[in-house]
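In this document, chain identifiers A, B, C and D correspond to the written order of the chains, with residue numbering beginning at 1 in each.
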């Protein structure tokens, strides 16, 4: 069930549930769902409220002005999301097709509510997948020399397509800190290891060398610190001494697919709030 | 963190979060945690609120009288639980020691907040375990002929010990419907299969015969319908064609231990509300 | 690594490993892998041997004649499979696309070594998927009245395409016993529940009604007894009281996909031997 | 089912299965189980053979002399283990009781076939557990100054008790390289993290700081490189943003218990062969 979602955070203080829920109650809203979390260490309060959109009795603008004023007295940070405003997602890939196919199929099946106006790659290998799904494919080769210039063009392209979220679906180029900061919205990356183990390149080979008995994947927000961004979801699968790196890589594809899809779904449903190096994930 | 817990349910109606949270806010309470669930099919509302006990400014009796009046207008069913009132748990066993040991150790480690004033068994095999932990052990042999009489005595014993919760930790006798209804509080049973598969006797043997690739265990509230009570928790473990019934039984012991402990912990922390044949489990 | 695979079974008797491995050693073979299992209850022996194909020094026909003679003295049942002989798989579907897409993508990625010469459906909804992958799509509507006639035509079609394996990838028609017996090779079905729980129709709704805390899927060989065939693989996922039947169905899609793909892969790699109601699965 | 176990390794060469199995066949042995693994990268062959002890027709000494000669021609490294020779295990602990209790209970239930002649600790907190199970408890306080001297005494104690395996069941002192090398047999440690993530101290706190969504535990052979020894088993459990370090530590206890028990069981059943930095685990 979809609703109007408010994500709210502030310093912890008495009466927040009562005050916030009363705000909505007095305006005739039916609260479909309400989740909260208090970070007792940082003394910080987080809330996700989902309202029945059919009980909105004013304009959206009025609601937002009203809430702005209300939020001011508690020094809240907040955002509001309407169910009929689909987010626009750009998928960036290199050569591996499994995550790309998975995201496209889930979007088609209605599991990921978003539009995907563009697929971007530093190679052309996956153009046929974009074609299969009738989505524009943009080839953006990037080398060390051209990185800065190409990233500027990339930003322009993302702006032109009005992109809300970038999903790095096994995109094997490292984006520059300045690009990541410029984009400023959300970038979700899938790392093919159970972070913080095996940060960086070739995690499956290094997992094999270390002789681990489980391998994993991690979906996280990209930050300027490579593989250090807030983790959204992780999962693992059991492996044995018989699994060579190639086999680990094959087993890993299923984990990557599922972990990335779950993270993107949580983000699109406004279930994730970043809290420093950690995420709060309302399930 | 422990607090005063209110479990509340009523038919769904607008403004419940606001009204309930305001009730507590107006009385000076700090809400530590607040979870809710709306059963949209039955149109029924469920809430678990945890309050900071240091913010209770009246007597418990006054709080309860106050809330009784408040709850009346919404036709709420509710209960309140104070952190300093430890529940009293009777553990019933037959011959298998693994769940018994596990519960006793977790209670000692502070993971299960309760007292265990008595261990009851239809055999004497586990008396030494009760002795190891200095807990009274009562031998209650039950046969088809003596069942009715023995169950009456059992009820008296439970009453004498002021028992709040019975845990059937691999107790292999079937309790009569009338006993279960007479006790009327909570009885948690561990069934050594992934219900509803393999209800009844010898689930590991039948799992082996059927050639399943995973076995499981299920903790549920006992009802007069054998193995049909509301499920609190379940888990499974992978097995192979090499696992004979005895091996399944050994693997199963770990699943039983963990599933039963989790269910008992959830119950003791007032995280479970029975909703028809299902449970709501606030995590 | 692919090799020539022998699957062997016989009544248990002393010296089988030695005799069989010596057979291959004397003919110059390098054994890449050798797994065995003794069913001590039925006193039956099972073996999977994988040979390095580059060490085959005779014709395949000579090898098979030779082994026939050798096997005779031990009353073995056996089969041999060469890595360059791809199995031919027919996929049967109804309306749900997730398993179909998954199998096609895995086949394209080289994870499932087989050819897929035809996709068969009792509806036309998934014709576009077959088209996307350039695979012939045959529409085979079946009603109670036409079942017998249509199944005869179906058998003819399968024969024409020289099909080795039928995969029922969420095919929602029940095949007749006579069809299943006529085909006589392998038919793998995915059931959207953790068998033997929730056999038959609407398993996700029934799982919800029962209030289970995990849902599952089961891949098994189809037999004339519906949902009673030997299980190849199963898996489960945790769910909560918040998951309505539609949500269970969505969560279940991922389990179905993965369980079916694993079972088909095991079958294609000749890792499965049926042993009565159970399967032996060499991993 | 227990048998005489041979663990064998050599450089890979043609005919090893045939030659080894024939060796046993010719001496009248019934092979109960035979598993092998070829490390194709290092070109190394590993085998675990389990023989029916009732088919041993010579003295053990003769069998071993015979096999020594046989093994010589293939340059095999090997060991043989008889089911009636129980291994002698010393458990070392500090203050946490959960792994200690778990190991003792499993040994009592017959799941871990070994004797436990001594429990050693650098503190006295767990003396009562040793007392409960009537096992000698030795207090061995170790400080930086006394380490070298105390470890010498410890070695003498282990020798006196004829110890085959040391289990570090949450023993919080770092053993010196020279001690580990002197002992020279097996030392199994449980690390309370999913190695190689969070090596070293305070892994649960660091897991919380990093915001991981799963925590784990790792059982490995201790080597002079802290937390770098060959991994025997690992497992993980899902956690949420609500889990503070103390809660992670509580959840982790169950993972530690189970992972350590599985690793010790595999070792006692001679299912583990160390292969460089990795282990081969015959299941």
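Throughout what follows, contacts are C-beta pairs under 8 Å (C-beta built on N, C-alpha and C of every residue); 3 or more make two chains touch, one makes a residue touch a chain.
A quick note: this is a predicted structure, and the numbers were derived from the prediction, not measured.
> What's the call on chain C versus chain D, same or different interface residues, using the half cut on shared numbers?
same
> From the centre of chain C, which chain's CA centre is farthest?
B
> Based only on mean CA positions, could you tell me how far chain A sits from chain C in angstrom?
Chain centres of chain A and chain C, defined by C-alpha means, are spaced 37 Å apart.
> Send over the residues of chain C in touch with two or more other chains.
Residues 40, 240, 283 of chain C touch two or more partner chains.
> Viewed as a graph of touching chains, is the assembly arranged as a line, ring, star, complete set, or other?
It is complete, because no pair of chains fails to touch.
> Tell me, which parts of chain D touch chain C in their complex?
Contact set of chain D toward chain C: 1, 14-15, 17-19, 21-22, 24-26, 30-36, 38, 40.
> Which of the residues in chain A end up touching chain D in this complex?
Those residues of chain A that touch chain D are 37, 40-41, 194-198, 209-214, 216, 230-236, 240-242, 244, 275, 277-281, 283.
> Spell out the residues on chain C that touch chain A in their complex, using ranges where they run on.
Those in contact with chain A are residues 97-98, 101, 105, 109, 111, 132, 240, 250, 253-254, 258, 283.
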